[in-house]
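Below are two complexes that have chain A in common, paired first with chain B and then with chain C.
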Partner chain A sequence: MMDRYTLWQRIGIYAGIGVFLTFILLPFFEMFMTSLKPLNHIFRSPYQFWSDDFSFDAYTRMWERVPNLGRYIWNSIFIATSVTILAMIVIVPAAYAYARLDFPFKTQSLGLFLSVNMFAGAVLLIPLYKLMRQLGLLNTYWAMIIPGVAFLIPTGIWLLRGYFEKIPKEMEEAAYMDGASRLYTLRRVILPLAGPGLVVVATTVFITAYAQQYLFAVTFNSDGKLHPLPVGLLQFIGYQNVEWNMMMAAALTGITPVLLVFLFLQRYLVAGLTAGAVKE
Partner chain B sequence: MTLVADGTAAPQRTRRKALSDRAFAWILIAPAVLFIVAIVAWPLVETIRLSFTNASLAGEDYVGLANYEKLFQGGKFTEIIVRTFVWMFFSVSLKLILGLIGASLLMAAVPGQALFRILIMPPWVIPIAMGCLGWLWLFNGDFGIISGVAQAIGLTDGPFAFLAYRNSAFWAAIVTDAWVGTPMVTLFFLAAMQGVSRDLYEAAWVDGASRWYRFRRITIPQIMPVIVSMALMSAIWTFNSFEIIWILTQGGPRGGTTTMIIDTYKVAIANLQFGEGAARAVIIVIMLALFSLLYLWVLGRVNRKYGVK
Partner chain C sequence: MATLELASITKDFGAHKVLSGIDLAIRDREFVVFVGPSGCGKSTLLRIIAGLEAATSGRILIDGQDVSDAAPVDRGISMVFQSYALYPHLSIFENIAFPLRVARLPEAEVKAKVARAADILQLTDKLALKPGQLSGGQRQRVAIGRSIVRNPKVFLFDEPLSNLDAALRGEMRVELSALQRDLDATMVYVTHDQIEAMTMAHRIVVLNKGRIEQFGSPMELYHHPATRFVATFIGQPNMNLIPATVAGTGAEGLTVDFHDGTRMTLPVDPAGAHPGDRVEVGVRPENLRLGQGLAMRLRVLERLGGTTIAYGMLADGLKLCAALPGDTTVHEGEDVGLTFTPADAHVFDAQGRVMRRRQAPALAA
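Right after this comes the complex of A and B.
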């Protein structure tokens, strides 16, 4: 058969995958190893690959030694969740409009929405900073939530529109025939049918919101209690006596929630994200 | 639509629906429009306006083109532009090459395939800043594993701090950026490769074509539209990339990793020179707009050439 490999090809494939995964997973491995090393071993010279007294101490002691750690993790989850809820409230109706309704400037406005994707927050920081200051939102959660939402809306609309379009039009027609209102139809017919799509889009928004909460936080917030995990942890780097093993332990602990979300939903996510890449 | 023939309710409803179609649509997209206008469109216009002023926390005056003139004096800014494009070129190339290799490997029908496909995703899933923390450590001279391995096999005499020298810091930033972007690129290539018809491969296989030949003559042309679109999309991501360089080096050492985004941030936010920062931002926006036009143009051509509607 075409898919049969010789022994050497098999070895080659596994070796290749091994190298590739080493590159991808190396930072995680390094962080994990560092989190296990006692502090005085980290700074040992020459470099030591293996210590004989690895311990999980850092994972218990970090909660008291890294101030606000629990708070940072909570902030990260809270900000990402708020962004997701707000974004979905905006995305769902818009995606429905683009999937089902006809209105003037439909394609043009969708194109404009998508062109937002070419901007990163960093380019627009100056007016955003002024805007947040004028609204009195600097050093509040809102300053980290609102800009995050805006930049996630276009992709969300685009992804969800695809799911809505797959729902047979007859379902809606039938509901209208029975005298259902537009909103009722959207709520009771379309949304339940688009369930998997909603999960994919919401999870994508959540993961992106969790992944990209550095810039706005570092620029718009100086209240240490409100920092999300990345900013909270990284600001310790400049300090003397950083307990690196605990920082790494804290970082790994902080990324666990989002890794779990991904693991549970990866099957749907991967298919949903790449749906546009494969033309059927 | 048989109901229409004998009832009056149905046509009436259809007519009322058609009438409000447009209004209903506007209501549905209004919140999205509002968000984009407030957070993207207005700031964009405001950035352009500010670029003609000397705005700072103290106030602002109209200064005409002074900010732009100042930018292009002395050649420092040109150097930053060149550096940005070099960084973009290598980072995007690296992502595409790694993505193609990775996707091809993950297409191979070997036991463990499903697991491997999951294991490539963590860099995309976790906060970029946390990944950078890992790389910050990897690149450390005294206790990073890369320097450790280099010493162990005799590549370097002593510890080598990758982020302490202009050249090595620049390459370190490229590697890190490629690491962040590779999972997404791989994922899309993988999806595209799975979409290629098996019949093509089987026909070629029957004719005795080698794997390499099949890859070159079937896989690559078939997924070309996806390759092109990933190339241009990651070019835009890399161009806009801020966190990675900021966390690794803050644009240093001695400006060695200062890209246009980093430069803009330093001037506008770190030094609070809003006017001069805005002028830099405007140039970035112009370049991004050109990229996007290029993107649409190239994609249109590629799609036509490879017969995708």
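Right after this comes the complex of A and C.
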């Protein structure tokens, strides 16, 4: 493993990673810089990278400017968590069935599920709106949770099925020989072994649910108390001016709890993504 | 503890016939080995006995009871898998205890049974570890431990030693034979390795292309192979097959002409052979010795110490192998003569069927 690359190759690799990371992280950095600047400095021309009057002022004033901000952040996390839990309850047995059981139209039905992903949520907004109205779910948390779950199930099944398939079939056969039922085997053998896979899938579902809330929230919800953060951020847009610095401060504050959780889960993610790569 | 009977078992995968008409009666406390080349259907047959796969037709009887439709656990069968199939997240204790947990036995009983199994298999000090911390041989023993705690009537083994290195395999062969005696159990063991079959089995089932070629004790298979296939499959190095033509039949047996003109009369039942028929004369390498006879040019010598394996070619290009005494003073490239006692010869007709030997050694078992 050591010295697999020459010096120049290594420089090239790090340069590539550097460019890549810059593209990904620069917006976050700019968000942070913006949140520190007074509003009248943000559009200063020529662009000034460093400012002499940085302050964390926006981080305190944003709570006064949008009093419900805390509530919006909470709503975001609540909706994404609910989506994740509900989706996983459906994804786990479905993925197991697609990985191990034989039933008619197995490949066709999975293909059908996945084809749902080809439709952007926006295409289905109007039918979904009618559906929500008929079910009386408009302006409730459910209106934002249910479509989120529905759009994430196919990807989740697809991802988790791969992890289940990597678990040697003989382990299940051994359990079956010893009299264990499918559910017992799933609970005591498969799920513990698929642990990293479950974390990866749950993480993917959570991040996507966190990111896709905006569309469902603006369409299906007009109750101010139920809005998630992305909708709440709109309140920083006033009639005369946009409070960019406070908006950036609020956005950063909103993603911080999620970021911390994922920093903690990182080792599972790495283990999960490489699981099964090495034969034991 | 149990007899196992298979009655006209067949298995098709679509149009592909994997097993056809398998009939087999395994005695109580017998160690039977299924052996055959890959794709012969031996693993499928074992999985059908286990209940992991359904036979297309036929019945399975354990102790005279039809269990063809019973779940594995109700058949009283346990199985050790080729990959051991241990649960990596559970301790050795929980791995062995798994069948007992499934059966919801009380904790005290679980502890007692696991302790006894661990004692038999010398795993007592490993119970707290995880499978990943054990060596290959120890993992194998854990897999066996999991199969014995349930006191099954029949044990099935699916190539359990194929993942081990050669030295460990030899050790485990002895251990498995001893275990079979200690447990007084009926065991069915699948392998592609004829040495495992010869060393451990009471009786061997040789399978080829989904059919039983022969079922008999190791020495029976060695001295009286029923077919050309069994003859070449059993024995190491493989039996030599020398083409010959029938010159005549008589009271002493069958007289054949080899391609180099040598004529020999072999003491076998010539049943239905006519002069001019093409046959194959089978001679085991260990029955060949230096002397007047077939002229062979030595190509490669393998000196194993006790024996020297000589590989060479006859004038017509036929490859031969002879197991000579260890100190034989021959050299690669040399021309030597090889001879054998007519009573040691096996003769196979054009269909690969054997002609019964008249002077074969008495069977050891």
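To be clear about the criterion, the second predicted complex is superposed on the first by the 214 of 280 C-alpha atoms of A that agree within 3 Å, B and C clash if a C-alpha of one lies under 4 Å from a C-alpha of the other, contacts with A are read in each partner's own complex, and residues count from 1 in each chain.
Heads up, the rule we're going with is that a contact is a pair of C-beta atoms (placed from the backbone, for glycine too) under 8 Å apart; a residue touches a chain by one contact, two chains touch by 3 or more.
Owing to the predicted nature of the structure, the values given are computational and were not obtained by experimental measurement.
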{"item": "Partner with the higher number of touched chain A residues, chain C or chain B", "value": "B"}
{"item": "Partner chain(s) touched by A:Ile255 [first = chain B, second = chain C, both, neither]", "value": "first"}
{"item": "Partner chain(s) touched by A:Leu193 [first = chain B, second = chain C, both, neither]", "value": "second"}
{"item": "Partner chain(s) touched by A:Tyr176 [first = chain B, second = chain C, both, neither]", "value": "both"}
{"item": "Which superposed partner A:Pro168 touches (first chain B, second chain C, both, neither)", "value": "second"}
{"item": "Chain B versus chain C as contact partner of A:Leu131, first or second or both or neither", "value": "first"}
{"item": "Overlap of the chain B and chain C footprints on chain A, listed as residue numbers", "value": "176-177, 179, 280"}
{"item": "Complex contacts: residues of chain C adjacent to chain A", "value": "50-52, 71-73, 77-79, 81-83, 85, 87-89, 98-99, 101-103, 132, 146, 150"}
{"item": "Sites on chain A touched by chain B in the complex", "value": "2-3, 5, 10, 13-14, 16-17, 20-21, 23-28, 30-31, 33-34, 42-49, 76, 89-91, 93-94, 96-98, 101-104, 106, 109, 113, 115-120, 122-131, 146-147, 149-151, 153-154, 157, 176-177, 179, 182, 207, 210-215, 219, 229-231, 233-234, 237, 244, 247-248, 251, 254-255, 258-259, 262-263, 266, 270, 273-274, 277-280"}
{"item": "Chain C contact footprint on chain A (complex, rising order)", "value": "168, 170-171, 173-180, 184, 188-189, 192-193, 280"}
{"item": "Residues of chain B that touch chain A when the two form their complex", "value": "3, 9-10, 13-14, 17, 20-22, 24-29, 31-33, 35-36, 38-40, 42-44, 46-47, 50, 98, 101-102, 105-106, 108-110, 116-131, 133-138, 142-145, 147-148, 151-152, 159, 179, 182-183, 187-188, 190-192, 194-195, 201-202, 205, 226, 236, 240-243, 247, 261, 264-265, 268-269, 274, 277-278, 281, 284-285, 288-289, 291-292, 308-309"}
